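The next block holds one structure in the form of structure tokens; read it before the comments.
Chain naming follows the written order as A, B, C, D and E, and within any one chain the residues start at number 1.
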Amino acid sequence: MSRLPRASGHFRTSYAQDFRLIQTPLERRWLAALLVALLTFPFIASPFLTDLASQALLAMVGAMALMLLTGFAGQVSLGHAGLLAAGAFTAGILFRETGAPFWMTLPAAALVGAFLGVVFGLPSLRLRGLYLAVSTLALHFLVAYVGGEYESKRGFSTGIVIDPPVIAGKAVTDPRAWYFILLTAAVLTLLVCLNLLRSRSGRAWAAIRANETVAEALGIGVAANKLLAFVISSMLTSLAGALFAYYRGFVSVEAFSLFLSIQYVAMIIIGGMGSVLGAILGAVFVTLFPYLIEAVMQLLPGAGAYAGVMFAVNYAAFGVVMILFLVLEPQGLVGIWRRVQTYFLLWPFKHKPVAGARR
Amino acid sequence: MQLAVNIAVLASIYALIACGYVLIYRVSRVLNLAHGELMMLAAYLLLTTASSFAGHPLFAISAAIGLSILVGAMVYLFLMRKMTGEMALAAVLATVALGVLLRGITVIVWSAQQQYPATALGLVNPSIALPGGARISLCGALLVACTAVAYGSLLAFLRFGRWGVRMRAAGQSPLLAAQRGINLHAIYAIAWSLSTFTGAMAGMLIALDSGLGQTMTIIGLKAFPAALVGGLDSLAGALAGSLIVAAAEVLLIHYVDPLLSEVVPFLVLIAMLVVRPWGLFGTREELDRV
Amino acid sequence: MAELEVEHLRLSFGGLTVLDGISFTVEPAELFVLIGPNGAGKTSVFNCISGIYPGKGRILFKGRDITRWSPRARAKLGIARTFQHSELFPHMNVLDNIMVGRHARIDTRPWAEALSTPGVRRAEIAHRAAIERIIEFVELEGVRYADAGSLPFGTQKIVGLARALALEPSLLLLDEPSAGLSRDERDDLARFILRIKHELKLPMIWIEHDMQMVADLADRIHVLDYGRTLASGDPQSVLSNEAVINAYLGKA
Amino acid sequence: MLRKLAAAILAATALSAPAAAQDAYTIGLTGALTGAPASTYAPAVQALRIYVERVNAAGGINGRKINLILQDDSAEPGKAAANAKKLITQDGVILMLNASLSSTYAPMLAEAKRAGVPVLFASSVCPKDVYPPADPLQFCTTAFAANYDSRAVLDFIKATAKEPVKIGFSAMAIPISRGEIDFAEELSKTMGMTPVDKEVIPPPTPDYTPFATKIKDAGANWAYSWAPWVTQVRTLEALRRLDWKGDYIAWSHIEAEGELARLKDDRFYVIGANALFQDGLPIHKEIADAAKAANVQYPVQQMAEGWIAGMVIEAALKATGWPATSEKLAAAMSNLKVDTKGLRGGPIEWTKNNHFRTRQYYRVYKWDAAKISIVRIKDWTAFDVK
Amino acid sequence: MSEPMLSVDKLEVVYQRAITALQGISLGVAPGQIVGVLGTNGAGKSTLLRAISGFHGVDDARVTEGTIRFEGRRIENGEPHRNTRAGIALVPERDKVFPNLTVAENLSVPVASSGSRADMSRRQALVFHHFPRLGDLRARTAGLLSGGERQMLAIAGALMCGPKLLLVDELSLGLAPVIVSDIMQKLVQIRRELSLTMIVVEQSAAVALAVVDYGYVLENGRVVLDGDATRLRDHPDIREFYLGQSSAGGRRSYRTVKQYRRNRRWYG
């Protein structure tokens, strides 16, 4: 989507500039700084923090995929964990049954994801909103059932163990290497999402989300575009699932519970609906939050005394924070971010002039 | 014969839980995914009142029911009320968050251990012989009876009760209802209370019958497809949906493969969504107009 | 040959008959006006022509029978429309709103879009340039990047018109474009409609309540009442028709 | 994006605060302390915690304290993987404990193998790799043992039954339980019994009667269940409500002692490797006193499993000496003999080849209506583990 | 003019925290008056009525400035049910009845300020007296009613609230002129019997000007013209824009609009 030219003193002089992702030199400088920070992070941080960052990056891929589907195309899904599971199981089963390498299982996972995208998307042609969410939920249970049956039939009662991927003749086990693999995956997903959103498909999704009937009358193939959203989102999600399988070295149904779907929904809502940045912020927040609570609780005096209930308290705190977010900040993290940004951009003024103000 | 009894008991369990989903959805178009947790909370409250009113089981049960009705109203007033006007998905997520919170709280207060409120109340749960050689436990029989009474009175209330009619009105068109002098907050709070009340009955009876632990929440979720099969906005539909799902489940367990019982509700649900997306008795959403 | 031929169009919902055998033709570059009281079925005619409602009867466009075509196929053929309440996408800016209207004319593939290939970039920029011409045509330069929802009602209606024009249509359906506009805005609208007629030579079907605009601008008028044709012909004869005055204009 | 970085930095500062104490034996546990299956694991973990506190209060081991770090995984494998990573990289543990569902094993072991840290399964099901030939890094103290348990059960049935045995089985729809019951079904055929029905019951089941109906209708006079406690006992209750009069045997999980007294069922046997508190051994009194002093949430009868794990850990660390590393600990654990003071039928003995125990002992209990108490039906019978 | 029953002062309403729908509207309604609010689509007429009857959470609209006083009490941003119980009843433009309830049920929904059973049945009798058709259709589901019957039911529903001030939004919308004038006459009659006060919002000036005592013309969220019925009827702009009559032949044709861009666009 094209954006309002922001920085003063910077004017667009060609149509190509409307289409550019990076608009101003200032943006470019910030981006460069961020990139340097991301690249040096694993060399500064402890292995544990690198693992946390990797978890967050992996979550970002899934969250952006869900944001594409729910936040932009308006199709609500509670079956995200089912698609992650599908990707992970594709990688796991192929690895176990045929010993297929990394570079073959990933495309296979994407293909399975695309196929399931059509399956998960078909109900969307008839259903909307919560009913659609529930149909994806039902499909999630079916995928989980199939995966579970495979596990028990093949006797992998404690999950399918997967060897680390071999790249350039070396098994990738180093946390830093994984950090960079997942960072690449996240950045590529980000680019794919941004590219789609500023093109024809992205506009079609936005139109469908706003009003299906109008979109249809304008000549947008509603069914085809809905399915497209499902397919792309599911492919990305499936890939994230396969990456998860390799990263953690195992696959099992229990890892893809309904709660995982809900966590992803929480990511995009807490992050801020309809914003890719929101998906990223939400993924980071939801991933890191339990650790933050734990760290805070460890700092409280006499932490040992209530160790027995600490985890229940941690669990409950997650619920409380989610509620607080939903009630107090419906725009999500990205809403806060934008407010802060506007505040600094407009300082010392308080309000933005309304665009296209009344004559 | 035993099969019929099994179907009746299972259908009653589903129906009693499902009507909680339906009540809230019908009135406020919110899907309450914390219903299982509210059920569980009610059962735990019974455990607590059982020890406070030792020796007076009826007293303990009514106190627990009263408390859970209060909880339902408070959930609306302090949480869901703030969610009016937000996206449907956000409201659903709020109920999920509430569920997480409640699960945490129950572990903090009552620990994760399996509990037996029946023992705490000093109640026994004998099995009753029925004609035809079938048997049913007392709690099972109570479940069927409670479900029948609950549905009977709810249907009557919604059809003939002045406030029941107003509840239906608020569900159809909240704005017009408000313009006709109805306090929507009161209506929604009543819906939440009623829903928690029926959920509490289900939770308590299940806990009395077979003990109480964190798994209760999963049972709450299992009744959800039943509500959908019938149509989320129809009480009669919830009853029919529960019967269909329960019958499918029991018959498959008996004649095919017990393992299937886990996915059966969802298979029935998907079949239903394909054929009649708005459910058996549900009302079709209006056509979009330009 | 007529641009559009509508023959015995019928439409009903449940038991309610909305359209009861409507027939009319629209000639090239003709400004064809549809009038009638509220609920007469004017918008339903549009919904049938653009394919949202499955009407019975026959609709021919440039001699081709499009009765069974999907809305998408009809848009590709060049049937564009505006909406009564403009129905813009409020959270998208004006530019994107108009770009959505061009959807059927853009043919980039999603996979190429995901990678933003040079072909996609070229296409986007070319279509962006085309959109700019329309923006100039309807004088929306000042609000290009404004969110559509934040614009005054009158401007929104013009954006809706621009969105329809973005399709490079060969038939334009205008659903009450003047409703809610002030006299000044109506002047603008009349100007744009005349320019579309004279410069783009587009046939238009126009639903209108403002009898003055109708009387001044219409080439031909078709009056609907309760899903039936009440009268049809040139403005003078229709507006002086006794039945029309009684049923529609009322005894004001 | 900047926000992401800020959050990461915040996390870094917050998490680096409780750095691992360098003068203690640091061990870490991931367990299902919340979530649906918590009732099985949380009591054991609590017992382990009081045991460790007692050891520390008494001056520790080799003059060093034990630093036991607990992590909750809610029985979610993804969480367990992250926990294992944290315990190894952040806390630098020399031993990891697992007290969770079997689905958490694979991710945890993947991390442990990479770091060469031994893993002890305490209160969670023993994986195959601890039996001979044992994986060098996996150990298990948990009472029950796949296959051996069913052998003991069927031996007991054969010895007890007075008429031809028509046996029904009940399992939970989780791989481990299904596998064991499948094994038992096959074994029963070779022992001259008639398997008449097998029910695999999904975990979230509101009513067990439909399953029980099938067992009863199949004409079983014995029923055997090896599954989480809920499935075992609710199948029995459902059977009894259908007026089924047969004998029922199930594994004696930590809940068993309290439940026998609750159910008061004359023909309900529990078989297990732990001595019930009913036996009143000195060690039982010791546990009860410690539990009382620590003011635990769970009944003392559920503490034995965690206590045994504590005894084994204490012995292993003692043998490791100071300074301790994972390699030294793994070596020490591969040659260990721990006296269970009567909590088990004999010592827990680990060798290079066997990280389960060299001999597994079983006892059978049931409720005796006449005596109004739990009685021991069969004393320790031993099986050699090969 | 006597003390106004309702007075709106410099009212400003904003939708979705961004879109201004009304700007500085002021008007007064004296007891027993019928006041008309005229204007084109999107002029803000319905928003004005909704502001008086109270916004609902999902509207995401707020009165940001100005006041609304009803019988001396401030009611801006009041909740709809409170305003209704205070005596303001609205007949909305769309969604005016509960489609899945029967006619009788529709009439039993309202909660009135004086809600004793006797009051309710007295009101019900009155409604059936004025709209005997509704009495015949008591058991019919409201969704199956014809447009005119639905409008009657909507008015009846509002009357069941026991209002002092009745707000009627676009009564003529989608109805045949004969039915419209019928219902309008009924309204005038009911007003007389119950000494009601009314605000009538209409796009069709012809309909409104036939019954109102005083009228306001809204355009783009502002009052551009007001006056008593005769003054409005005779005003050339009204005749031209709303009644569709050309005044004294001096009208400018749309065909002759200047073909260049009006330059006043350049001044804000």
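One rule holds in what follows: a residue touches a chain if its C-beta (ideal position, glycine included) is under 8 Å from a C-beta of that chain, and two chains touch if they have at least 3 such contacts.
For clarity, every value in this text was computed on a predicted model and none was experimentally measured.
Student: Starting at chain D, how many touch steps does it take at minimum to reach chain E?
Tutor: Graph distance in the chain contact network comes out at 2.
Student: Quick check on the contact graph: shortest path length from chain C to chain E, in steps?
Tutor: Step count on the best path from chain C to chain E: 1.
Student: Measuring centre to centre, with centres taken as mean CA positions, what chain is farthest from chain A?
Tutor: Farthest from chain A by mean C-alpha position: E.
Student: Select, from A-D and B-D, the pair of chains that is joined by more C-beta pairs in contact.
Tutor: A-D
Student: Using Cα averages as centroids, what's the distance between chain A and chain C in whole Å?
Tutor: That gives a centre separation of 40 Å.
Student: Would you mind pulling out the distance in Å between where the CA atoms of chain B average out and where those of chain E do?
Tutor: Each chain reduced to its C-alpha mean, chain B and chain E end up 43 Å apart.
Student: Please tell me the distance, in whole Å, between the geometric centres of chain B and chain C computed from their C-alpha atoms.
Tutor: The computed centroid separation for chain B versus chain C comes out at 50 Å.
Student: Would you kindly tell me how far, in whole Å, the mean C-alpha position of chain B lies from that of chain A?
Tutor: It comes to 33 Å between the two C-alpha centres.
Student: Please set out, as single numbers or ranges, the residues of chain C touching at least two other chains.
Tutor: 47, 52, 83, 87, 150, 152
Student: Could you list the positions in chain D whose residues touch two or more of the other chains?
Tutor: Residue numbers touching two or more other chains: 33-34, 297.
Student: What are the residues of chain A that contact at least two other chains?
Tutor: 211, 213-214, 217, 309, 312, 314-315, 354, 358-359
Student: What residues on chain D touch chain A, complex-wise?
Tutor: Going by the criterion above, the answer is residues 1-5, 7-8, 10-12, 14-18, 33-34, 46, 49, 70, 72, 74-78, 81-82, 85-86, 89-90, 101-107, 109-111, 114, 127, 174-176, 178-179, 296-297.
Student: What does chain A use to touch chain B in their complex?
Tutor: Against chain B, chain A makes touches at 70, 76, 123, 126-131, 133-135, 137-139, 141-142, 145, 211-214, 217, 258, 262, 265-266, 269, 273, 309, 312-320, 322-323, 326-327, 330.
Student: Inside the complex, what are the residues of chain B that reach chain E?
Tutor: Within the complex, chain B touches chain E at residues 84-85, 162, 165-166, 168-169, 172-184, 283.
Student: Please output the residues of chain D touching chain B within their complex, sorted ascending.
Tutor: Residues 33-39, 42-43, 173, 199-211, 213-214, 217, 229-230, 234, 237, 240-243, 255, 262, 297-299, 302.
Student: Which residues of chain E touch chain B in the complex?
Tutor: Residues 53-54, 56-60, 79-81, 84-85, 89-90, 92, 95-101, 105-106, 108-113, 157-158, 160-161.
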